[in-house]
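Next come two complexes built around subunit A: one with subunit B, the other with subunit C.
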Partner chain A sequence: MTETSVSSTRKQRARNKGGLSGLLHRSENLRGYLLMSPTLLVMSIGILAPFLILVTMSLWTRDGFSFDTALTMANYERAWTEPIFGALLKRSFWISGIATVVTVALCYPMAYYVAFHVHRNKMMWIILMTLPFWTSYLLRVFAWKVILGYEGVINSGLMVVGLIEEPLEFLLYSREAVIITLAHAWAAFAILPLYVSLEKIDKSLLEAATDLGDGPVARFLRVTLPLSLPGIIAAAFLIFIPTTGDYITPALLGGPDGAMIGNFIQLQFGPVNNWPMGATLSIVLMLWVSAIALVFLFITRLAKDKIA
Partner chain B sequence: MSDLSYIKRPNRPLQVYAVIFLIVLYVPILFIPLFSFNDSVYAKFPLTGVTTQWYVELWSREPMWAALWNSVKVGGVVSIISTILGVVAARGITRYRLPGKNALVTFIMMPLVIPGIIFGVALLVLMSRMGVPLSLYTVTLGHLIVCLPFAVATLLPRFEGFDKSMEEASADLGENGWWTFWRVTMPMVFPGIVASLLLSFTISFDEFIMAFFLTGTDPTLPMYIWGQLRFPQQFPSVLALSSLILFVSFFVVFVAQYLGRQGLDPDQ
Partner chain C sequence: MDVVDQLGAMREGKMSRRAFTRSLLASGVAIASVPVGARRAMAAAEDQGTYFTWGGYDIPELFQPYNEANGELPNFAVFGGSEEALTKMRGGFVVDVSHPCNSALPRWVKTGLFQSIDTSRLSNWPDVMPELVDLPGNMAEGNDIWMAPFDWGQTSITYRTDLIDLEGEEESWDILWDPKYKGKLGSLGAGADAWWIGAIKAGVPFDQLDTPEAFEKIAAVMREQRPLIRTYTDDNTTLEQALSSGEMVASMTWNSSAVQLQAEGVPVKFAKPKEGALTWVCGLMVHKDAPKLDKAYEIIDSLISVESGKFLIGDYGYGHSNKKAFDEFDEETLTGLGLSKNPIEILQAGHFQIPQTQEWETKMNEMFEQIKAGF
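And then the complex of A and B:
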C-alpha cells in the first residue's frame, strides 16, 4: 500500500467515525511532535535561550567590573559610529567573500568531474574529498602555519633549492594567508552541495541540448550551470556565513592586517572584559550576515525567474 | 547517439585537475606527520633526521593525558545523547506528516549556518547569567548543539530510505510497537546509528570554538593544543600529537562514512 492510499483511507475512516478517529489522527501528529520534542528542547536551550540573553546583554553597558543593566542603545551607537567596527566588519566580509568565491570556483570542476565522469566508486571519491574536513579545524589551520611560516615549508624549501636568499615575509600574517587557509579548510562544505546538485541534473537534458545543436560550452552555460545554481548558492552560504565569524585562522595567520570581527568579539569577552559590547558586536554580525544572505537570495531568485 | 558518449569518454584535463585538487587537499595536512618525525625543533626544510622522540615524549605528559580523557568523556556522552535525540527526531520527521515540519528541521539545522563564535559567546553569557560555573558539562552542552544537526542529517536519509510496509507487515503479524521498532526498524537503521555515533564523537573530539568559550579548568584536547601553540619549543610534540589525532580521526570517519552510505548509494 502506498503512503497516500494509507493516509486517504485513514482520512476516510476519520470522516466516517467522526470525532474519535479524528482525535486519533490528531494524536498521530502529536506523537510525531512528541518524538521531536527532546531534540527541539535541547536546541531551544542551546539556541533560543542564549540568543534572548545575548540580545538583552547587548543593551546593557559595562560599569566598571560589573554591568549596568539599564537598557540603552549606547553600544549599538558605538558600533555604528566608531570607524574601527565598520572597518573590521567590512574586512571580515571581504575576506570571507573572496574565500567563498575562490573555494566554490575551485571545487566546482572537482564536483563536476565526480558527478559526470566518475562511474565506479563515486562513494570512494566523495569520502576522499571530504576526509580532510573531519580532522580538527585547528590542525588544518596549524598546518598552514607550518607551510607559510617565516621558516616554514615554502620559505625553507625555496631557500634549500636556492630560489631565494631571505625568507619571504609576506607569506604569513596577511589577508592572503587567511584566504588560502579558509579556502582549504572549508572545501568540503562546497564540494558536497555542488556534487549533489550536479548529480541530480537529468542527463537527457544535456542530450537534448546537444541534439538541438549546442556545443559543449553553450551546453554547459545554458543547461548545466543554471541547473546547478542551487548547489552553488548552498555552497556559498555554507562557507560565507560561518567564516565571517572565524577567529582561529586570523588569530594564527592573519596578523594585524588580517584580524577579523571574530577576534574583536573574542577580545571583548576576554582581555577587554566588556561583555555587553561583545554581545552587541555578535548581534550586529548576525544582522549583517542575515541581511547579506537575504539580498543574495533575492538576487538569485530574480536571476532564476529570468532563466525560467 | 543517445549513449551520451561525451560523458563516458574520459576527460583528460578534468582528470588532471582532480588529481591536483586531491594533492592540494592532502599535502598541507600530511606535512604534520612528516615533520613530527623530524629530528629538529623547527618545522622546516631540510629535514635533519628521523626520530620518534617526540612521540616518546608524549607518554610522560600528564596534562595531555588528562585533556585526552576529558575529550573522550565529552565526546562519548555527546555522541550517545545526540544520536538518541537524532534517532527520535528523524523518526518523528519521517514517520509523521507534521504541519510546520520544515520550519522545525530548519531550526535544528541552524547551527550549521550561524558563525560558531556567536553560539559560543551566547552560551557563555547564558551560563554566567544563570550562575552555572564553566566545566566539562557546559562544554558538553555546547558540543551537543554543534553535533545534533550532523546526527540528524546522518540519520534522516536512513529513516527516509526504508520501506514503511515492512513495519506495517510486522504490525499485521501481531508485533507491538516496541518489538516492531526493535526487530524491524532498528536493524534497518543500524548502520546510520553507528555512523552518527562515530561522526558526533569525531566532531566533538575536534571541536574548538565552543570549547574555547565554555571550558572551565579542565581543558579538552584541542584546548590543550591551543595552549601549547604559544611555545615554539613545544611545536614538535604538538606535531606528534596532531599526527596521532589525524590518523585516528581519518580511520574513524572512514568507517563511519562507509557504514553511513552503505546501501544508500546506488553506485555501490
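And then the complex of A and C:
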C-alpha cells in the first residue's frame, strides 16, 4: 500500500467518525497548533504582550499624571539627540563590556580546572562554585559594599598590614566598584557554559596534538581555546546582556560617576514620572544590545570559518 | 511510609500499583495544602492595615497604641522618595495609609487616589496643632482635610565638629560647596530636598522657583557642587555611617541623623545655616480604596499619639504634630534638639516649601538626575 492511499483511507475513516476527533485527524496543522498552544499561550502572555505594551507606550508622551496616547516619535528623537542618553548608553556598554571580559577571564581557569583536572565528584565542584549564587543578588551587592567600603575589609586589611595609611577612597562609589561587583555577581552564568564546552572537548584531539609535537601552550591555543569558543561566546552573552541593564549595583556602589542607563530607566518610571520615556529608553537599550549581539555573532562566525 | 518504602513495597508486590498511586496522591495533596494551613496560622498580618512610608518609620515604637489594640504591627511598605511612592500607587499599588510631605500635598490630592480624612474617627485629633493642618492644598475642596500632619522638621547640614573648622564664621550652606572637602561631602539624593537647598544657596526665593532663570541658576549651583559629592543617597544609614567613620565630614541630612549620631557619641552638629534651613511638614493620607479603612484610622491615630510623639521628638529629633507630646520634655532638651514648644517659630525661621505643579516637579527631577549623572 502506498503512503497516499494510507492517508486517504485514514482520512476517510476520520470523516466517517466526524466530531472533534475527526476534525483532529483531518487537520495536521490544527494538531500542530494544539500541541504548540500551551507554549504559544505562555509566550504571548509572558513575552509578546508586555513587549507590545512597551512599544506602544514608548510612542506615547507624558501628559501631567496621564498619557497623551497620540502616537509620536518624540521620545525617540529625544533619546537620539540629548547627549545624556547616548553618553549613559556608552558608559553602560563600557562598564558591562569590561565586566564581561573580566568575568570570562576569571571563570575560564576555574572551569578549565574542573573540566580537565578534577576526576572525581565533578558535580560537587560545580555546586561549590555556584554556592554564592544561592543568596539574593542584593545581598551579594551589599556584601561588596562592606568589602570595598571606607572601613571595609580591604581598606582595614591594607591598613593593618601597613601598606596604606589612609583608606583608599576609589574602591567604593566608582566605576571600578561596579565592575568588580558585576564580575562576581554574574560569575555563575559564565562558569557553567564554559565548563560544558570544555568538558565536551574530545581528549584524543589533545593527545594527537601532543603526538604531533605541540607543547602545552600551543596545544591550548590550537585545540582547547578554539574548541571552547562556543562556551566563551555563550558566557559573554549571558553576562553582557543582563549587566548592561543592571541598576542595583550602580545605584549602590557607583556613586555620581557610576550611573548606568538602567538607573535612568528606573528614574523615568519612578521619581521623574515619565513612563513613555522609560519605555523608549528600554527599547533603545534592547535594540543596541541586539545589534551588538548580532555583530558579535557575525564576527565569531567569520572566526570559526577561518579555524575550520 | 515514605516514598522510598512505598517503592520497595510495590517492587516486592506488597502494594498494588493503584494503592501506590493513591498514596502518592494523598501525599501530594498533603504537601499542596501545607501552605494553606501555614498561612492560616500566620493570618494576623493579613488582618492589619498597610502603611507606606519612608525607611525609618517602619518601627514598633511608633505603633504602641496600634499594637496594644491589635496585638500586631501594621504591614509596612517602604519608599525612598515620595515621588517614587506616588508613581507606585499610580501604577496600582494599593495601601491604607501613605506618608507624603506638604510640598507634594496638592499634587497628591489632584491624582484622585486619596480620600479626605474623617477627623472625628481620630481620638488624638483635638491635640493636633492647627497650624500644621492649615497647609496649602490640605483643604483643597471646602473643608475636607486630606493630610493628617504627623512629623515636621528641617533639612540642614550635619557636620563633624572635629573635622570641620568654621574659623569663627557662621554656619552656612557654603560648607557643602567648599572645594576643601572635595569627595568628603554627602547629599540627599532626591530633588525634593536637594533642589530646594540649591535654591537657598543660589538665593532664589521659593515663590519664584518656576521661572527658567531660576532653573538655570539652581542648576548651575548643583553642577558646581556635584564633583565635591562622594555619593547622593536617600539612605540615612549610608550617610550616618559615612559621617561616623570620617568618610564624609559633612552631609545634607534631616534632623534624625544628627540626633542619632550624637547619641552614639560621634562629634557632630546639626547646623543652623545663616541662609536658613529647609523646613517641612509631613503627614498621613488615606488611599481611596484602602482595603482596611478602620485600620487606616488606627494607624493614623497611633502615629499622632503622645507615645509616638515622645519617641519621634526624643530619638529622632523631629517635631511632632501632637502638642501634648512636647509637654514630655523640658525647654532645655527641646532647644538642644533644635526644637521648641512653639513649632511655628521653627517653621517660620527656615524656608518653607511651596507646592509646585506636576510639570515643575517632573522638570526639576529630570534636571537634577541629569546633573547627578554628570550633565
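For this structure, a couple of remarks:
Assume the second predicted complex is superposed on the first by the 262 of 308 C-alpha atoms of A that agree within 3 Å, B and C clash if a C-alpha of one lies under 4 Å from a C-alpha of the other, contacts with A are read in each partner's own complex, and residues count from 1 in each chain.
Convention: a contact is a pair of C-beta atoms (placed from the backbone, for glycine too) under 8 Å apart; a residue touches a chain by one contact, two chains touch by 3 or more.
The shown structure was predicted, so the numbers you read here are calculated from the model rather than taken from an experiment.
With both structures placed on the common chain, the touch criterion links A:L302 to neither subunit B nor subunit C.
Within the superposed three-chain arrangement, the count of touched residues of subunit A is higher for B, of the candidates subunit B and subunit C. Contact with subunit C, but none with subunit B, is seen for A:I84 once the two complexes are overlaid on the shared chain. In the overlay built on the shared chain, the residue A:F269 is in contact with subunit B and with subunit C. In the superposition on chain A, A:V217 contacts neither subunit B nor subunit C. Touch criterion met: A:D257 reaches subunit C, while subunit B stays clear of it. Looking at the shared chain after the overlay, A:G157 reaches subunit B, while subunit C stays out of its contact range. Looking at subunit A, you'll find residues 149, 151, 269 touch subunit B in one structure and subunit C in the other.
Residues 81, 83-84, 86-88, 90, 110-111, 183, 190-191, 226, 229-232, 242, 245-247, 358-359, 361-362, 365-366, 369-370, 372-375 of subunit C are the ones that touch subunit A when the two sit in their complex. Interface residues of subunit B facing subunit A in the complex, by the touch rule stated above, are 1-2, 4, 6-8, 10-11, 14-15, 17-18, 21-22, 24-26, 28-29, 31-32, 35, 42-46, 85-86, 88-89, 91-93, 95-99, 104, 107-108, 110-119, 121-126, 129, 141-142, 144-145, 148, 152, 164-165, 168, 199, 202-203, 205-206, 208-209, 212-213, 222, 225-226, 229, 238-239, 242, 245-246, 249-250, 253-254, 257-258, 261, 265, 267-268. Per the touch definition, subunit A reaches subunit C in the complex via residues 62, 64-65, 83-84, 87-88, 149-151, 167, 169, 173, 255-257, 259, 263-264, 267, 269-274. By the touch rule above, subunit A contacts subunit B in their complex via residues 1, 3, 6-7, 28-29, 31-36, 38-40, 42-43, 45-47, 49-51, 53-54, 57, 106, 109-110, 112-114, 116-117, 119-123, 126-132, 134-140, 142-144, 146-147, 149, 151-153, 155-157, 159-160, 184, 187, 203, 206-207, 210-211, 216, 237-238, 241-248, 252, 262, 265-266, 269, 275, 278-279, 282, 285-286, 289.
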